[in-house]
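What follows is a set of structures for review.
You will see chain A twice below: alongside chain B first, and alongside chain C after that.
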Partner chain A sequence: MTTLREINERCSALYEDLNFGYAREWKAAKPGRKVVGHMPFYVPREIIHAGGGLPLGIFGGGDQLEVIHGDAYYQSYICRIPRSTIELAVTKRLDFVDGMLFPSICDVVRNLSGMWKVMFPNVYAKYFDVPQNYRDDIGGTFYINELNELREGLGKLAGRRISDDEIRASIVLFNENRRLVREVYAFRAAQPWKAPAADVYLLMRAGMTLAVEEHNRMLREYLDAADKADARKRDNCRIVVTGAFCEQPPLNLVKSIELSGCYIVDDDFLLVNRWEQSDVAVEGDPLANLAHAYLHNSAHTAAKYEDTEKEKGMWLVDSVRKNRAEGVIFACPSFCDPALLERPMLQRVLAEHKIPFVAFKYAENSGQMQPIREQAGTFADSIKLWSVQ
Partner chain B sequence: MVFTAGIDVGTGAVKTVLYAVDGPSTRLISKRCDRVRQRDPLKLAAEAYDQSLEAAGLKRDDIAYCATTGEGESLGFQTGHFYSMTTHARGAIELDPASRAVLDVGALHGRAIRIDERGKVVGYKMTSQCASGSGQFLENIARYLGIAQDEIGVLSQQGASPEKVSGICAVLAETDVINMVSRGISAANILKGIHISMADRLAKLLKSAGTKDGVVMMTGGLALDGGLVAAMRETCVKEKITVEIKSSPDSIYAGAIGAALWGAFRHEKLSMLERKAA
Partner chain C sequence: MNARAPKEVVKEASMLKQKEMISGNYAKLASAKEQGRKVVSTFVPGNLNELIMCFDLVNNLPEINAIQNGMRKKTGGYIMEAEKRGHSEDVCTYVKADLGMIAKGNLGPDGHPLPAPDALLLSYTGCFTFMKWFELVREQYKCETLMLHVPYEGDGHATKNMRDYIVKQLKEVIIPGLERVSGVKFDIDRLREILRESAKAESHFVWVLQSAKNKPSPIDAYFGGVYYVGPIFTAFRGTPDATEYYRLLRGEIEQRIANGQGPITPDGEMKEEKYRLVVEGPPNWTSFRDFWKMFYDEGAVVVASTYTKVGGVYDLGFRHDPDHPLESLADYCLGCYTNRNLPSRIDLIEKYVNEYEADGLLINSIKSCNSFSAGQLLILREIERRTGRPAAFIETDLVDPRYFSPANVKNRLESYLQMIEQKRRSGIAPPAAAMPGAAPAAAMQ
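Entry: the complex of A and B
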């Protein structure tokens, strides 16, 4: 049986490897295999998989990459992830990647997709436009066309047409992945002392690199091992962390929050594998099923339009209630317009529901954790000592 | 009655206290302070805790809540961790219930914390990055002057013509001290000058934290430095800050005391919630 330590070590190694050794080996193992990168946001990974490709999450350079060339491409008031992504590319760390998808999350990522096309004309690069209208006859029709275009593009890359049956088979595998991811999150919410936030984070990050079949095995092994873990329960408060969804917090930030006396019982660090909130239907037209799941059963984020003010932020209130959280920490990337413009609206909703919150910003390479520890620590103390329960 | 423990892992020393708590009645059973002196502070804390328990005839399982504070969150065996500002606030109330502000001056920084009668933090200000307002700086200077730490306060209070040092930068302050030594300024006047400089900075913190009157309890390692306490009192008079500066022989334990007492509070609260749920 695989131990928790072995799983954690494997996940850490994948997380730290900015040369993407696993993906390189996967590609080299069989002629014709293609690796398709995507920015840290939802893309229909099923279609990449159905075309025989490996979806590879490109999550920037984290705190281990020194950005030298990347800074020349962006102004100082732009977030860090596009710079470090460029740095990864121009230093040839992504030279094995056959295609790149840029989901329509913000202007910066849109511009990055254009730059990619200019800088790497031989790499398949697509700005993947998702709908902001949630009517089946408008947004749905648009999105099915977009998915068809993606299928054709990836088919050209694979050298063959990607069939409906192949997409259905991939949906089954990714449904399983999403179910297991939900199980891990539910397990952590129930017994957070057995599933430290940093371990869960690394486990989820591994799923952005590994083949889905391998990640599914790893998730099952983790659930088995974590359940048997002999971990001591601490008097920590239970909190939901929100605001990341694209540029990732440094791992030390996740650890610092927990060390400060908070159990993270829900988060939106990686929305890719928690985008569809239940299974995507398998029977029928697979692209229509993916579109339906996107429109009617997907996660809420700052980059997604909310058409009724009444519903604004209610997903966060629901998460607090469902996970028995006592407060919310907004941890948003510096210079991230979507996250930082969304934050005050969500804070207003939390205030209306008398849910305590605190907010701070980070960059993926933030190194100084003392201010974070101070804020998270005093927040935890205020909940533990002064909240009315 | 329950037993609780408070462990304050500081930069310079680890402070460990054990308390017996019965409702509002609190009794300090034991206290100990171990200087870190280049040892692993977490290992030292675990040893100090076990030795405290042994001396009190208790076992780890007898402790209803073991609370850490300071840098003790990585210890591993604690029930919970509290941030040091929270614990110093509660510790100050235990040392003197009239306390309405805390001046916590430790090895690496100083801070002014405004509190209410329950020990709740209502405002705070900290020294900025520079070490010239800290115990580590004072310790270094004493070493350069060849003075033992427990002599600092006594000597400082003998200084009749203090020479002021830079209050902004530890490097400049050390240069000032070297110049003073070469000019033949006495150690007493040098130390008094350093204390006045530190007191100036701390008084500014008190003011900007919104403290206007009432008892200010000094905590942390430097609360036991009579020279600094005297300089604080003089500076507050000079700056027309109408507070009463106090220090207690147990001031160095304020963080550990606060942790142990907040631990007792949490233990009671969690037990109540469990009873309610049942």
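Entry: the complex of A and C
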């Protein structure tokens, strides 16, 4: 049986490998294989998989990458992730990537899609739009057509048409992946001392690289091993982290939050792995099923329009309740418009529901954790004090 | 030619006309509630002014309020107020200027109270911030919000799917919503009439922009351009007033061309055109006059700008079309400048540099605006590479006075102009602009 330590080591190695050795090997193993990169927050990975491709989540360079060229493309007041992504590309760390998808998360990623077209004209680069209208006959129709266009583009890359059956088979695999991811999240919410936040983060991050079949195996192994773990429960408070759905916090930040006395019981780090909140239907038109799931059964994030004022931020309140959290930490990347514009609205809703919160900003390469540790520590103390009173 | 230039700046008929139109709209807003008129707030890029007119709604444009307040130096305080209330220092200052204004009593730029809107028409194009902006404003007013999602032209062109999606939203969400808010039934023939009027103004407007191909250019297509776009980008497109404004403006420019005159600046007529520039990015508003002065003091004229295309790239041929009313509204929304992908933006700027015989490209990079700013350094390199003409970069903000450093901007501009001189001496840049008084370009319509 695989031990937690082995899983953790594997995940760390994948996380630290900015040359994407696994994906390179995967591609080299069979002629004609294609790797399709994608940025946060969501793309229908099923379609890439159905075309025989490997979806590869590109989530910036973290704190290990020295950004030299990337800074020449961005002003100081733009977040880090696009510059480290450019750095990865111009330093040829992505030279094996055949396609890049840029989801409609914000204007920075949107414009990066065009930069990719100019800088890497031989790579299939696509801005991937999602509907902000949630009616099946309006946003749904639009989205099915967009999915079709993506299917055609990826089909050209694959050198064949991607069939409905292939997409259905991929939906089955990704349903399983999402189910297992949700299980890990539920496990952590129930026994966070057995599933440290940094370990869970690395485990999820591995899913941005590994083939889904392999990640599914790993998730199962993790659940088995973590359940048997002999870990001591600490007197930590329980918090939800939000705002980190695009540029990723450095791993040290995730660790620091926990070290300062907060168990993370929910987060929005890598939303793509549980975007659809229950199984996508398998029978029938697979693109219509993906569209239906997007419109009616997907997670919430700042990139999505909330069409009713009443519902604004309620997903966060629900997450706090469901996961028995005692507070929320807003951890947002500096200069991140969607996260930072959303923040005051979510804070208002939390205040109305008397849920305490604290906020700070980070960059993927932030090195100084002391202030964050202090802030999170003070927050944890105040929650404990508050719950005693 | 300068002998004819008046010592004092005389307001031309078109300027007076525009002033009257703008103050008229603010007066309408101030008296809307009293007069029982419904108010809709909406954004400039991809706005549906013609549709709004069909429902007799009064149009409130938060971006324009922010600009007007910026020029009146009120936004610094508003932005600080919003930041005090928890809005991040990192986000777009238009949003904060608006929220700060609302927090401080919602007095419009003319000092009169702005009415609470009856609906927020969240029809926008080319920027994600708009969506968050109206979600934030919705919290204040709790009024109906009508969302029109305009897809981005990621592959450099509109598709049938995008157009159909917009038309469907117009038919099933926006029009029924506006009927509900206004109590007025939609009449497509009325829309056609208004669109017909829009198209007239649009053709005059294009003529105005293209007059800058003359040497000297009779207009400044950036600092002057932001005034010229006023009626067509805002609450007046589709009104006879707008058409009249452009007719007057066109007449004045025709006269300037015939006289071989350059643009009118706040200090009177520009003396000599030494440099012809293309500018990318919005201007700074809080020090707008000082910013402009730095250019005209050096004899630098902006002959084409991208900012004057945020409310429509009419010079590429688009006109609102009464025969395809909803489809043409969709095409309009899709085609605005910041809804075009980066390669298309580069192509457009390259075309401007060449067609307007510019000395180069200057980018005014705006801290607030990721929609414009993200990728501009690549634009700069590409334009230099493709045209062989120098490009330069300055950084300011829209309405946050903390981010306008006059010394810095002036230095950069001066070094840039020196760079152009050097290029000229080495024979790479195109010849200096023809002397004032040269014959107007034969190609002018």
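Here is the rule we use: the second predicted complex is superposed on the first by the 386 of 389 C-alpha atoms of A that agree within 3 Å, B and C clash if a C-alpha of one lies under 4 Å from a C-alpha of the other, contacts with A are read in each partner's own complex, and residues count from 1 in each chain.
The definition used in the following text is that a residue touches a chain if its C-beta (ideal position, glycine included) is under 8 Å from a C-beta of that chain, and two chains touch if they have at least 3 such contacts.
None of the values given here were measured: they were computed from a predicted structure.
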Query - Superposed partners chain B and chain C on chain A - clash or fit - result: fit
Query - Partner chain in contact with A:Ser113 - chain B first, chain C second, else both or neither - result: second
Query raised in the report: Touching A:Met345 in the superposition: chain B (first), chain C (second), both, neither?
Result: second
Requested in this report: Kindly classify A:Gly159 by the partners it touches after superposition: chain B alone (first), chain C alone (second), both, or neither?
Outcome: neither
Query raised in the report: Should A:Pro371 be classified as contacting the first partner (chain B), the second (chain C), both, or neither?
Result: neither
Query raised in the report: What is the contact status of A:Arg234 with respect to chain B (first) and chain C (second): first, second, both, or neither?
Result: first
Report task. Using centres of C-alpha atoms, tell me the angle at chain A that chain B and chain C span after the overlay, to the nearest 10°. Result -> 100
Report task. Applying the touch criterion given at the start, work out whether A:Asp307 contacts chain B, chain C, both or neither, answering first, second, both or neither. Result -> second
Requested in this report: Based on the superposed arrangement, let me know which partner A:Gly284 touches: chain B (first), chain C (second), both, or neither?
Outcome: neither
Query raised in the report: Now for A:Ala380: first (chain B), second (chain C), both, or neither, which partner does it touch?
Result: first
Query raised in the report: Among the partners chain B and chain C, which is in contact with a greater number of residues of chain A?
Result: C
**Report entry** Minimum distance between Cα atoms of chain B and chain C in the superposition (Å)
**Finding:** 19
Requested in this report: Share the list of chain A residues that count as touching for chain B in one structure and for chain C in the other.
Outcome: none
**Report entry** Parts of chain C lying in touch with chain A, wherever the complex brings them together
**Finding:** 85-88, 90-92, 95, 122, 127-129, 131-133, 135-136, 138-139, 142, 145, 147, 149, 151-152, 154-155, 159, 161-162, 164-165, 168-169, 172-173, 341-346, 365, 367, 370-371, 373-378, 382, 395
Requested in this report: Can you check the complex and tell me which residues of chain A touch chain C?
Outcome: 72-75, 77-78, 82, 102, 104-108, 110-115, 117-119, 126-129, 131-133, 135, 137-139, 141-142, 145-146, 149, 302-303, 305-307, 309, 312, 332, 334-338, 340-345, 347-348, 361
Query - Complex contact set, residues of chain B against chain A - result: 65, 73-74, 76-83, 85-86, 120-121, 262, 265-266, 269-270, 273
Report summary line: Within the complex, chain B is touched by chain A residues 232, 234-236, 259-261, 373-374, 377-378, 380-381, 384-386, 389
